[in-house]
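When the chains are written out, they are named A, B, C and D in that same order, and each has its own residue count from 1.
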Amino acid sequence: MIEFAQFGAGRIGQIHAGNLGRVAGARLRYVVDVDPRAAQRLATQHGAKAADRATALKDPAVGAVIIASSTDTHADLVIASAEAGKAIFCEKPIDLSLARVDACLAAVKKAGVPMLVGFNRRFDPSFKALHDRLHAGEIGQIEQVIVTSRDPGLPPAEYLKVSGGQFRDMTIHDFDMARWLLGEEPVELYATGSNLVEPWVGELGDVDSVMVVMRTASGKLAHINNSRRAVYGYDQRVEVLGSKGMLRAGNRTPTTVERSGGDAVASDKPLHFFLERYAEAYVAEMAHFIQAIGAGGKPSVGAKDGRQALVLADAAVQSMKTGAAVKLG
Amino acid sequence: MIEFAQFGAGRIGQIHAGNLGRVAGARLRYVVDVDPRAAQRLATQHGAKAADRATALKDPAVGAVIIASSTDTHADLVIASAEAGKAIFCEKPIDLSLARVDACLAAVKKAGVPMLVGFNRRFDPSFKALHDRLHAGEIGQIEQVIVTSRDPGLPPAEYLKVSGGQFRDMTIHDFDMARWLLGEEPVELYATGSNLVEPWVGELGDVDSVMVVMRTASGKLAHINNSRRAVYGYDQRVEVLGSKGMLRAGNRTPTTVERSGGDAVASDKPLHFFLERYAEAYVAEMAHFIQAIGAGGKPSVGAKDGRQALVLADAAVQSMKTGAAVKLG
Amino acid sequence: MIEFAQFGAGRIGQIHAGNLGRVAGARLRYVVDVDPRAAQRLATQHGAKAADRATALKDPAVGAVIIASSTDTHADLVIASAEAGKAIFCEKPIDLSLARVDACLAAVKKAGVPMLVGFNRRFDPSFKALHDRLHAGEIGQIEQVIVTSRDPGLPPAEYLKVSGGQFRDMTIHDFDMARWLLGEEPVELYATGSNLVEPWVGELGDVDSVMVVMRTASGKLAHINNSRRAVYGYDQRVEVLGSKGMLRAGNRTPTTVERSGGDAVASDKPLHFFLERYAEAYVAEMAHFIQAIGAGGKPSVGAKDGRQALVLADAAVQSMKTGAAVKLG
Amino acid sequence: MIEFAQFGAGRIGQIHAGNLGRVAGARLRYVVDVDPRAAQRLATQHGAKAADRATALKDPAVGAVIIASSTDTHADLVIASAEAGKAIFCEKPIDLSLARVDACLAAVKKAGVPMLVGFNRRFDPSFKALHDRLHAGEIGQIEQVIVTSRDPGLPPAEYLKVSGGQFRDMTIHDFDMARWLLGEEPVELYATGSNLVEPWVGELGDVDSVMVVMRTASGKLAHINNSRRAVYGYDQRVEVLGSKGMLRAGNRTPTTVERSGGDAVASDKPLHFFLERYAEAYVAEMAHFIQAIGAGGKPSVGAKDGRQALVLADAAVQSMKTGAAVKLG
C-alpha cells in the first residue's frame, strides 16, 4: 500500500484524488492546499487528513506525492518532494522557466526518485492504441504526424494572464504528443500565430490560433494546429502517415445517435472538454503511476519529457516573434 | 442512506455490488449466495457481511434488495422480499413462467414496494438519448422500429439447457426495447427461427437465429433480428423511422483508431459483449433505482415491463411452433 | 452493331435511350410511344426514327427491344418481341398477373431469345460488390439478410391506383434483392403492412409501410422493410450476416462535406431518389445487356427472376390479408 | 455552337475531348499533337480533324482552344491563341517560369480573351459545396484552412525530372485550393520538405514529402501537407475552421460496402487517383468554361489564379532552401 500526499485541491486535484481511490494499492493520506477549507473538504471525502506541506513531506509513511497546485508552485514542490525521497506525480508544465525545470530535473536525478509528468493524453485509449500500433510497425516508417487540438472556448482572462502564452500553456500538450508519435526529436521548428477569437487576447499579448511545423533529423515532418475556440467542442485528433499506410484517431462522442432529417444527417458533437474526453485517460495515468512506482520502475512519461516539450514551446515563441524557423538540438 | 441485501455473488452480482458502491446514498449490508465463500469474498470486498436469506430479509435496516441469483430463484426471492417490505431490483427475467411472474406482480402490488426489472439497455446512454429524443417528437410520429441484437458467440450448452430458449433468454431484451421505443403494445406477432450456428443447439431443441415482426393497434411496425453469433462482436443497434426522419443508435468501439492501408480502411470492431458495452448502463441503472426509491418514487422500468416482455417471448415461441402469427391483447 | 427498338419515351425510357448511346456496339433505331410527339422528340435526340410497333418489330435490322412503356403493355410487347425473335430488355414488373407472366416466359422460351428484367439495383456498384464478395465466401455461410428500402415520398394517387399495390410495385425490387443475396428460394413468407403516411393511400385500398420475413429451406432468414416516405431521401441499404462476419452497403451522398457546429456534426442526406442513386446502375445494366446478347449469352437477371419476385409479392399480399404466414414452393 | 481546337492528345487531352462531347453547345473541330497518329485517333473518335497548329489557330470558325499538351509548350500556345483571339482553356501550370507566365497574362489581357486555368479541384462537387457554403458564411469568419493532398505513388523518374519539383508540380494545386478557400492572399509562407519515399527522388534533387504554413494579412492560417505516396490511394481532403464551426470534405470511395469481421470493420479505400476522383470535376470544369465563354463572361478560375499559385510555389522552394519564412505581397 502506497500512501499519498496531494498538493492542490482544485478541479484537477479532485480528479486525481478520486482516481487514486479507484486504484488498488494506493491510499490518500494528506491533502495540502492554500485554502485550508478546500483541503479539508477533499480530505474528508477520501478518508484523508488536511495538512501543511511540512507535515506531509516529513511523514515517512508517505511514499508519493501528487502535485496538482498552481503552476508557479510546481518547481518548489518537485524539489522539496525529491529531497524528501518521495515518488512524484506532477501536473504539466513542470514550470514555465527552463532554468527552474532544469533545477527540478537535477533534484530528481540526485534523489533518484521516480517522476511522472501529467501528459494525460498519452493515456487516452485511442491515442495509446494508435501509438502502440504505430511503433509496432503497422504502417511502416513514420513520415508525417498531424496533431489537431482545439479547445471549445477561451479560458478567463485571469487564467490567460499567467498561463505563459498559448504555446507554453496549450500547445505544450501537442508538442509532447508529436514527440511521442515521431519517436525522434525535432531539429527545426517554425511557428506562427494570430489573434482571431477575441481582441482582448491580443491585448494581453497572447494569440489564440497557432500553426507549427517541425522536422526531425531523419526528415520526418510534423504539423500542429491549435485554436482556443472550436464551437463544436473539444477537437482532439491525431494522424500519422507512414510508408505502409495511415493511422488516425478521432474525437469521441457522448452517444452514437444519428438523426436523418429533411435537412441533413446529424450526429453528436465531440465530448465537451478535457474532463469528459480524458476521463479514462486520467484513471489510466494514475494507475500507471502507482503500478510503476510500486514495481520500483520508471513512469513512461518522465521529467525529461516535461523539459523537452517546454524547449519546443520556447522555440515556438521565438519563431513567432522573429518570423524565422528555429534550429534545435 | 439505503442499506442493501444482495442475492447472488456471480458475475452480474459483482457488477451490481461494485456499482452500488459508486452511488451516493447507498450501502451494501449483506451478500447472500448458495456458495458461502463467494458470498464472503464479495461481502469483504465491499465492506458488507455474508449472510443467509432469512437474516437479510428480517433485518429492518435493509431497505432494498438486489436479486442477481439464478433465474429459477427470482420468483421466490421477489415474493419474499415484497412480503418483507423491501424495494426490489430484480435481474431479468422475473421468471420463465407467466403464472409465477403474475404471482410476483401480485405480491409486489399487495406489499406496495417499488420494483425495477433489470432491462439494463434502457440505461445505455445512446439508447436512452434516442428514446428521449424520439418521444420528445424529434422525428414526428413513430412508424417503424428495427432492433438488431446479436451476441458475439454461443453460451455453453449447460447455460442454454436452462435458458428457456432464445426468445425468452435473449430476445426478451429486444422485446422490451421494441415496446419502449414503440410506446404502444404490439397486437400481432410473427416469429421464426433457425439453427444455423452449431448443430448441438438444435439437438437441445433450441434455435440460434431468429426474426420477429410485430404490429401495434395503430399500425406501427417493429422488427427484431437476433443471432447467437456475430464474430465481429456484440452487435446492438436500434433504428426508428418516423414521419419526420429517422433516429439510429449504433455500436460503440474501444477506440476511434482507423487504419488506411493498401487493402482497406479498417476501424475497431464493436465492444466485445454486454459487460463492456453496457458498463455505463449498469451504473446508470443502479443510480436510477437508488434515486427512485430514495425519493419514494417508482423505477422507470417495472414489474409490468418484465411481464409484458415475457408475454411477447411466449407468443414468439408459439408463432415459431405453429408457423402462424399470434394475436395479442 | 446491335440495333434497338425502344417502346416508351417517358422518364425511364429517356434514361435507357441515353445509356444506350454510351455503350459501344449498340444503336437506337426506333422509338415507339402512344404519344407520337414524345417518340419523335426522343428519336431525334438520339438519331433514331419514331415508328409504330409493327414497323419496329418487323424490321430485321432490329436485334433487340427495350420495353419501357407502361406496365399494362409489357406482356403483349414481350410476347410480340419474342415471336419476332428480338432480344428483350423489359422494365420490371413483367406484369402484375402471374398467368400473363407465365405466358411471357413460355413465349420467350419457345422463341429462344435472351431476356433481361430491369432489376436495376443488382447493377448498383455497392450492391454488386457486396453480392460478389458474399458469394465468394467472404463472410462464410449466409445466415440473415436485411433489406431496407424507402422512397423519399408518396407517388401521385393516379400512379398508386394502377400500381398493383405496395408489394407488387415497390417491394418487388426488394424481393429480388433478397433472393439474389440469399442465393436460395424462400419457402415461408410473412408480411404485414399499415397505412401510416397519408389516409388517402388507405382509401385506395393500399398500404405505405410494410415489413416482411422470409425463410429458406436451409433456414436462412430475410427481412424487408419499406416505407413510401423517408423525408431524408431515398434509403437503400442491405446487410448480410454470415458465419464469419457481416457485409453492409449503405446510402450514397451528393458530397462528403461535413459541418461541425454548435449543435451537431451534420453530413449530407442520401441522394434524393432512384434516378440519382441508380444512375450508374442503369448504365451498367444496359452495358451488361448489350454485352450479354452480343456475346450470344444470357443476361444475369432473367424472366424467371421477374416471375419469382412476383410470386413473393403475391404471397405477401395474401399473408397481409390473412394474417398468416404463407408456405411457398 | 462553339468550335474547339485542342492541343494535346494524351491522357488528359482524351479526358477533355470526351467531356467536351458531353456538353451541349460545343464541338471539337481540330486535334493537334506532336504525334500525328495520336491526333488522328482522337480526332476520329470525336468527329474532328487532325491538323497542325497554324491551321487550327487561323480558322475563324474556331472560337476556343484547349491546351493539354506538355507543360513546356503551354506559354507559346497561350500567347499564340490569345493573339488569334481564341478563348483559352489551359491545363495547369501555365508555365514553370513566372516571367513567361507574366508574358502570357499580358498577351491575354491585350487580346481581351477569356482564359481558364485547369485547377480542376475547384469543380469537385464536395470541394465546391464546401467552398460555397464557407463563403456564404455558414461557419462565420474563416480562421484556419488545412489541405491534405497525397498521391497514391511516385510518378516515373522521367516525369519528375521535368516536373519543376514537388512544390511547382504537385503543391501548386493545393496552393490554389488554399487561396480559394481563404479568400485572401497569403503574406508569409514557410515550407519544408524531405525525401522519404525513394532515394532516387533525392538524387534528382527533389523531395517527396512536404509541409507548408501560410499566413494572410488578417491573420488567417493555412497548412498544406503533401506526400508522393499514400499506399491507401489518392488522399484529398480539406478542412476549414471558422468562428462558428468547421467544414470538412473527405475522400470518396468506389462503393459503400463495409465488412465487419473477426479482426476489424473494413471499408473501401479512397478512389485510386485523380482520373477517378476528379472525373465529375473534369466534366463540370469543361461545362463551366463553355457556359462562361458562351455567355461572354469570365471563367471563375483565371490566368491570375494560375500566376498566384506559382508565386506561392516559388516562395516554397525558396523557404525550403533557406530554412526561413518568406514574406510575400
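Just so it is clear, contacts are C-beta pairs under 8 Å (C-beta built on N, C-alpha and C of every residue); 3 or more make two chains touch, one makes a residue touch a chain.
No experiment lies behind these values; they were computed from the predicted model shown.
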Touching chain C and also chain D, the following chains: A, B
Chain pair with the higher count of C-beta pairs in contact (A-C, A-B): A-B
Chain of greatest Cα-centre distance to chain B: D
Where chain A and chain B are represented by their mean Cα positions, the distance between them in whole Å: 40
Centre-of-Cα separation between chain C and chain A, whole angstrom: 58
Junction residues of chain A - those touching two or more other chains: 230-232, 235, 244-246, 259-262
Touch list for chain D against partner chain A, complex: 141, 143-144, 146, 148, 150, 188, 190, 192-197, 209-213, 215, 219-223, 225, 227, 229-232, 235, 241, 243-246, 323-325, 327
Contact set on chain A toward chain B in their complex: 125-126, 129-130, 133, 138-139, 244-252, 254-262
Residue numbers on chain B that touch chain D, as the complex places them: 230-233, 235, 259-270
